[in-house]
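Each structure below appears as structure tokens.
Two complexes are shown next, each including chain A; its partner changes from chain B in the first to chain C in the second.
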Partner chain A sequence: MYVAVKGGEAAIANAHQLLADRRRGDRSLPAISIDQIVAQLGLAVDRVMAEASLYDRELAALAVRQARGDMIEAIFILRAYRTTLPRFGMSVPVDTASMKIERRISATYKDLPGGQLLGPTFDYTHRLLDPSLLADEPVAEPLRRTADGSSMMRVSDILAGEGLIESDGQMPEDHVPGDLTREPLEFPLNRDLRLQALARGDEGFLLALAYSTQRGYARTHPFVGEVRIGEVEVELDIPELGFAVSLGPVQVTECQMVNQFQGSAKNPPQFTRGYGLVFGQSERKAMAMSLVDRALRAQEFGEDIVAPAQDEEFVISHSDNVQATGFVEHLKLPHYVDFQAELDLVRRMRAEYDARNGIEKNETIRDAAE
Partner chain B sequence: MTDLATYNFAYLDEQTKRMIRRAILKAISIPGYQVPFASREMPMPYGWGTGGVQVTASILGPKDVLKVIDQGADDTTNAVSIRAFFQKVANVAVTTKTRDATIIQTRHRIPEETLTAGQTLVYQVPIPEPLRFLEPRETETRKMHALEEYGLMHVKLYEDIARNGHIATTYAYPVKVEGRYVMDPSPTPKFDNPKMHMSEALQLFGAGREKRIYAVPPHTDVVSLDFEDHPFEIQHFDKPCALCGAEHVYLDEVVLDDKGGRMFVCSDTDHCEDRREHGHAGEMLARQEAAE
Partner chain C sequence: MDAIKENTGTAVSERKRAMGLLARASTEELQAGWLVIEPKPEVHPVRGPETGLVMVRGRIGGGGDPFNLGEATVSRATVRLGSGEIGHGQVLGNDREKARLAAIFDSLYQRPEHRSAVDLLIDQVESRIDAEDRKHAEQTAATRVDFFTMVRGDN
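Showing the complex of A and B:
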């Protein structure tokens, strides 16, 4: 006798209890602390902050822990929190030239004002598993230089001095930057909204698209003008005060990609740019973002649109991993009502096929049910 | 960190609710037209009813009685989860009885019992654009709606007939609303399409991931697309419900064993229970009673 499935509520509660158990794991081991995640899994925390569009290391670490290390789940948890926060203002554009630099490299110059600073990078490490990490061996203090407080000229400014690179671009005086978390996107997008979408886009998706441009699907002849990582001040204009006040520093990664020149009857030949800016330390994401940004400017430069990375609606509609994971995973929700409808049609079409081909209807299945 | 746990009535802040209500009002004013709205991230995944949840959260008042169904059933896991969400964040009365509910949030079904004036049916919609699988670009489909250019849809339905002898769309079957907009009824089986026509209830559709709201106000024309020589028809089942004996209702096929044994029961669990309470018995129930 079939009994209708009941007790969904109890089943869900039990599943969540089991999840909590698995998350905690072996109780004889100490629980991992939020401080430890912030300090020792910092790049995971950075990715969660970047793609959740919320700069808060502790909350991001909490999300990582709650999600058992599942990055997209952590991003989702933090975003669902972010969306409940009031938006109380719009910051002044951050000035990355006055960044407190931790790392800054340029691939286009051997040396340049401010120099090449490698900073805390995986580059040039040999990817050999390090047994010394199994035991918690002491780690030597790094060398530090004293900050001289001077700003570090951006490579784009160096090229701009010669007029060899396009300028930052102009927006109309009264242009208010869009906010994709408050307004529905409408294609085609302005570049401000596009960059917002890319900044919170999935690192893996943007990486793959960026890679595709290097393999000939919308080639843009890129050079890393520079990548810089460090802290910038976020300032807010307070109308009552008449000046901007600092809300505090945030760490960002900025990439300026220098791409092959464009010229026209109106404009002399000059390099074009792709731009990437991401919360925290994530060179891969910032570089991928700048490559995709440049590819998406195809129309602006009158380039033929021939590849996925140039297709704004395709790229931006599918770059959000919280949306993507939700919709892909919703397929595991019950769909039996629609499946029944399909089943009914296929059976009917099958019966018609059999009748046409003189095949006797197979009654054994139905008989067994009696 | 302590205020992490406190949320507004029905989760959304009042500003957001107002924005969504404006979109709903616009949708009601232009039946079948997809109104873009600034969909929020919800604490459940996109594709799991975030659009419906946002619509419900925006129209829900403390005196409402809420019913949530998925596949027609009140006890499917996602329905249970969404109902529990509103009990938690709005402390609202809930019911499984269709006639007692003021708001019914649904995924994939319309209740069998005819809805009445004053009730609101909120649909969860995955892909609001009926033309999406014919034209993937939003920029194009919006233009097609604006120009009332729906020939492509008819070509698709015609090709179905040419290829299969039938229109191969069995759910999310496109309808024309008030003679103007072609609309996706959400992935309900086409069996439910006639229930939308001239309904006394307000029907609201929320698509969270796609950021669209649309509506069918009460007493609105909703016509399923078809051809003169291939008129629209709904699914028919050979047998009545094995539990309550109901005919002309949508049935779920339940596999009973590994020998091909199966039974058909109402997909609308409330309707089925109600009938059984009133003494109706289907084949399976009658047999069980005889055995006892």
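Showing the complex of A and C:
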């Protein structure tokens, strides 16, 4: 018999009030503002935007604050918010070649056109805790140097000039880009849909998978052809006007991973590629994405599928941290009735076992749930 | 499509530039620009202001076929002047007042008597953005690696 149990309402309301109190914390300290989170915890904000798949720094910062800094909770909140909004349309594809560069490095060419621009990087820091940040000491203005304004040629274009790398990904003619927010996923996926899933995938999960490919579980022999971070214009077609207008810039991180050769009777040997593109500044995520993108193309290149990172259904089905946390965390919700059924079953099995083996029945401790 | 025919050539590129810069203007810049518009025209709302989403697309490999990267919040508005001109405003983010003001300026841009005021506003926005971009480009340029080779002597 199913019996509905009530009585949690007051406890839930009180728990949420307690949560609000703990979130605010010590009242003698000033509350942290959304502007401060955007300005000073920018990379946390970027991660929330990327994995919520919604570019809006203020809302992402609000979500971070509301979630007390719990990133996956913040991503969940922002995802939920996006479902309340209508969709106006699809942008013109952003042009990363004309990005306003803040950082651009290549591990394959030392002297590439436009040069190596380190930008605001953690690389080459010593990862020593900096006690000067305990006090709010003034920070010097960054140095400036005349920018020569030379164009930042894509590394893939340099190799393409020699015909030594595969071209940018093409889909069949008349292919409409898949959208996993509109259609349920059906495997196998096209690469466009995989990239959408990877772009919103959990950074930790993709990082671990990418690492696994480096450790030998689907070797792809990668080189970072290029990582670039900067702003690109988002343009939207306005049907009433018959032309596209700019809505403003978004910051993205792009990674071109160059991988070892493929060749066949028909195609000459050439480098293959993995691609990563992520909202905000997140090169760890963009690099991991590009490694996993390449690994997931195993079938396309006739490679043996031997490792988790090559298994599309496994990777894409488990890359979304909102789905993952929902299913894992639901286990803590009341399962009293399910458990009661299992308890009855195991008691019966145990009684049969005891009877078979001539064990006398012990005095049962009445179950708390009964 | 008469509307499309009208919007050909330079008229299109000028309005496109103006709308792009209006989208980059801050709400304060637009409000200040509105203060100096004289006489104030009659403005009727046609649509919005409202906030929604635009699916931002990237290209596979950077230059290949499109894929859906993720959405961005966009606020938009459409207004009509008493004299009939329709203006559209569409800006990244949640600021509906900014979208409404951008739409008003887009409609005013089409009125000869207000054109110079709108031009002044968008030129100011453009010089602000150019100055910010230059500053960032110069700060980035200072982090450029100047490789040099250490020549190892034979003795």
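Just so it is clear, the second predicted complex is superposed on the first by the 345 of 370 C-alpha atoms of A that agree within 3 Å, B and C clash if a C-alpha of one lies under 4 Å from a C-alpha of the other, contacts with A are read in each partner's own complex, and residues count from 1 in each chain.
Criterion: contacts are C-beta pairs under 8 Å (C-beta built on N, C-alpha and C of every residue); 3 or more make two chains touch, one makes a residue touch a chain.
These figures come from a predicted structure and were not determined experimentally.
Judged by the touch definition given at the top, the superposed model places A:43 against neither chain B nor chain C.
By the document's definition of touching, of the two partners only chain C reaches A:116; chain B does not.
By the document's definition of touching, neither partner reaches A:359: not chain B, not chain C.
When the two complexes are overlaid on their common chain A, residue A:86 makes contact with chain B and with chain C alike.
Once the two complexes are overlaid on the shared chain, A:20 sits clear of chain B and of chain C alike. Of the two partner chains, chain B is the only one that A:313 touches; chain C does not reach it. In the superposition on chain A, contact of A:351 is made with neither chain B nor chain C.
When chain B and chain C are set side by side, the one touching more residues of chain A is C. Judged by the touch definition given at the top, the superposed model places A:94 against chain C, while chain B stays out of reach. When the two complexes are superposed on chain A, the residues of chain A that touch both chain B and chain C are 82, 86, 181. Those residues of chain A whose C-beta lies close enough to touch chain B in the complex are 1-2, 4-9, 11-12, 76, 79-84, 86, 181-188, 313, 317, 322-323, 325-330, 333-338, 340-345, 348-349, 352, 364-366, 368-369. Considering their complex, residues 4, 7, 11, 13, 36-43, 45-48, 50, 70-73, 75-81, 84, 107-109, 126, 137-139, 164-166, 168, 170-172, 187-191, 209, 211-212, 235, 242, 250-254, 256-257, 259-263, 265, 267, 269, 284, 288 of chain B touch chain A. By the touch criterion given at the top, residues 49-50, 53-56, 58-59, 82, 85-94, 96-97, 100-103, 110-111, 115-120, 142-149, 154, 156, 167-171, 175, 177-181, 191-193, 195-196, 199-200, 233-234, 236, 238, 240-250, 252, 254, 256, 273, 275, 277, 279 of chain A touch chain C in their complex.
Residue ranges on chain C touching chain A, taken from their complex, read 1, 3-4, 7, 12, 15-16, 19-20, 23-24, 50-74, 76, 78, 86, 88, 90-94, 133-145, 147.
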